[in-house]
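Going by the order they are written in, the chains are A, B, C and D; count residues from 1 in each one.
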Amino acid sequence: MSSKLSNAQIAWRAAQDIEDGAYVNLGIGFPEMIAKFQPAGRHITYHTENGVLGFGKAPPQGEEDWDLINAGKKAITLKPGASFFHHADSFAMVRGGHLDLAVLGAYQVAQNGDLANWRVGSKGVPAVGGAMDLVHGAKRVAVITDHTTKDGKPKLVERCTFPLTGVGCITRVYTSLAVVDIEDGRFVLREKLAGLSMDELQSLTGAPLHTQGQVADLIVPEIEQ
Amino acid sequence: MSSKLSNAQIAWRAAQDIEDGAYVNLGIGFPEMIAKFQPAGRHITYHTENGVLGFGKAPPQGEEDWDLINAGKKAITLKPGASFFHHADSFAMVRGGHLDLAVLGAYQVAQNGDLANWRVGSKGVPAVGGAMDLVHGAKRVAVITDHTTKDGKPKLVERCTFPLTGVGCITRVYTSLAVVDIEDGRFVLREKLAGLSMDELQSLTGAPLHTQGQVADLIVPEIEQ
Amino acid sequence: MDKTIATLAEAVADIEDNAVLMIGGFGGSGAPIELIHALIDRFKATGSPGNLTVVNNNAGNGQIGIAAMIDAGMVRKMVCSFPRSSDPRAFTEKYLAGEIELDLVPQGTLAERIRAAGAGIPAFFTPTSYGTELAEGKQIQEFDGRPYVLERWLKADFAIVKGELGDTHGNLTYRLAGRNFNPLMCMAAAKVVAQVSTLTEPGGIDPEQVITPGLFVDGVIEVPNPQQEEALIRAGEVYA
Amino acid sequence: MDKTIATLAEAVADIEDNAVLMIGGFGGSGAPIELIHALIDRFKATGSPGNLTVVNNNAGNGQIGIAAMIDAGMVRKMVCSFPRSSDPRAFTEKYLAGEIELDLVPQGTLAERIRAAGAGIPAFFTPTSYGTELAEGKQIQEFDGRPYVLERWLKADFAIVKGELGDTHGNLTYRLAGRNFNPLMCMAAAKVVAQVSTLTEPGGIDPEQVITPGLFVDGVIEVPNPQQEEALIRAGEVYA
């Protein structure tokens, strides 16, 4: 494998698909980075599980109000038109299909849309947060992830071996090498890095990659880390 | 039967049992009259199904604001400490056991606590409102009613013959002749008009009246109509 | 992201024949009377939308609002808890003639079914109606030794509601007891249009005081000094 | 009808051994830190209340608040969605040593179960956790061809919450995102005590801006300029 996208570049690519006017929940950690790359001219409203809609960037250091945080417990600011609500109303938005998009991280995504992203085994303290809710209800549920684990194992798999977060819930995966849709229980390759052959990509993927018509080049800008 | 209580007197008697600090829902119509007889020195908070807690008397005629009404669509006023909420929260208060008392009218009450108060047959347009909710959840659910129908038939019965509003839900009945508790599937007479013999009262009641210890005189003041 | 709608006609233009239509308000309190009348105007001009299923606590009173919709012949079915409030002539006539259907739902169950639809809860158990004819045919299950009735969510294709203050993102507040079913219906309908007395820019409503967050609302139209349905009925108004 | 409580010690005096205790807040936002610490003081002085089941989104962080309760040995079990936020040492140590139980609940299910308890809904169906190990042993039912998991209400014996403005009837508002689980826990507990930054007479809160109506609240205590849990943790505070 000659090269792969940085996390920032994966986040940039995912950001391009978020339509103007969308209501979006970005999972804690890596998915939060997507907000940085929101294309100019689009108005996107971000939801966070702990009861805020319409939040903006972190405040300057030292100006945090710790009653104004997101689900990752990071300090946030508000944009005009923001609102507060309690946790049951917040998850009504999630479960009730009112979000246009939720983006999560993943340990594994299976070709049937199953997601495993909350624990890798039975050791340690398990923690689930809102992930199992977020995979249900949003009109589109996407994953951003490295294409493989650190030791080179596929994260796109035939069947998840880690404990599941949700069943048949993921419809698109943005990886460090490709953009892959999940349709009818199959991975359908939409974009891949130009320098990467189909065979190379398939060898790094744990289930068959199908194509429907053209596979576009996955083109992203250089982004300074 | 020599005499019976007026509706105002029944309402007065029911009002005496509402403790200081209670949250109370009074059904549309006759039960609403209870609020008039709230004993001095007690603070009682009235709930209405359409999303108001802490309402007061009707405003003077001509000063009504028709966005400020109770479940009977009558204009109301607010007391200090009032609050508004939507219908789901309002019935969460009802169903969730947060009201101390609900008082309803009745066509029939059975000795097992069943209530029939929403329709008498299959003719006409049926309407149920909040009655089927109110009979569940309030810590005490009481009925105020004439002891018999206009043509002298018992309203306290062995089994309701009219369509039920709720099953086993009523714990006390204030009638024009008596105060009757419902315990263990039996009517237990607590108070009766002094001039009324047990036999007379029993003859006007459709199920056995039991006693436990003393039956007190049902004493109410004269009330101008 | 500006959800402002310019005219009442546009606001109700997307309601289709056979739609399930939620209409906010309890009696005349919080009833979006201008939106209702715009819908009647459209029906009279075009014959559409007809065959509607209307969800509201009541079934119309007097000769305006929902009663006028029924008189106009737009409504196939009412889903409500109390179709018998003051002067329900329009509904009563058609119901007794077998020309309109009634789905009678206890008021708290109606509210909770609408909220459930908005919250992605397909079904829930409630004590309400257990042992009554309104529970006939429904699944019963015991919890902690007490029987409960299974009720399904209630979704709509469209909702029209009445707010007090709104912003162009669709955030809403309500006036007094006019809140009632309005915030719930905003959650439960595929498309929601709100009329508001005052429309402001985003930021014009304190975020802590928003009752309906804008993500539940698709369109918002300013109707300054809106009519109050109950006041119209008491004045004997007729919309025909 | 005056629900004012004079001292923090009185506010937590009725929490009993073995109680299920809901504690409002999400992380440090909206956490009633003064009430929690008063409860720790009572436990240290009297050995009671012990053996508590604590319901909160998290399982304590740093060495204050719920983490300090766990360190003090008052907590038998945590019911939460995320016991692994920053510096969860107190819980982690006891959990790995088998000295504390964990009931892990997805965050939205936790919120809905608490609301259901407050709303008299003994059980509801949700898509959340279907097909995962957190649904094992639970009743599954299909609606409209999709499978859902049955979840039960979650009640508590006592709740301690943090409001911003309160009145002596128990009406409450909340500050910013400090709202979170607080209003739900007020609905779900047999007894509820709220600390508020400012306590006013009835009428001091606009009825349209009340978030938690007073009927859900049993006692209210004014704690002016309350401490912010997250700020304390970042300052390295220890409550012991």
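Quick notes on this structure:
As a convention for this text, contacts are C-beta pairs under 8 Å (C-beta built on N, C-alpha and C of every residue); 3 or more make two chains touch, one makes a residue touch a chain.
Model, not experiment: these values are computed from the prediction.
Looking at subunit A and subunit D, the chains that touch each of them are C.
Remark: among chain pairs B-D and B-C, B-C carries the greater number of C-beta contacts. Subunit D has its Cα centroid 35 Å from the Cα centroid of subunit C.
Subunit A and subunit B have Cα centroids separated by 56 Å.
Centroids built from CA atoms put subunit C at 30 Å from subunit B. With touch defined as above, residues shared between interfaces to two or more other chains in subunit C number as follows: 112, 115, 119-121, 126-127, 174-176, 208. Touching of two or more other chains is recorded for residues 84-85, 88, 91, 94-95, 136-137 of subunit A. A list of each chain pair in contact follows: A-C, A-D, B-C, B-D, C-D. Those residues of subunit A whose C-beta lies close enough to touch subunit C in the complex are 20-21, 23, 43, 45, 47, 53-54, 78-85, 88-89, 91-99, 136-137.
Considering their complex, residues 112, 116, 119-127, 141, 143-144, 146, 148, 152, 173-176, 208-209 of subunit C touch subunit D.
Here subunit B touches subunit C in the complex through residues 49-52, 65-69, 71, 73, 84-88, 90-91, 94-95, 114, 124-133, 136-137, 163-167, going by the rule given at the top. The touching residues of subunit D, when paired with subunit B in their complex, are 1, 115, 117-121, 167-169, 171, 187, 201-203, 205, 207-208, 210, 213-216. Within the complex, the subunit C residues that touch subunit B are 26-30, 57, 81-86, 88, 91-92, 95-96, 102, 104-112, 114-115, 126-134, 174-184, 211, 228-231.
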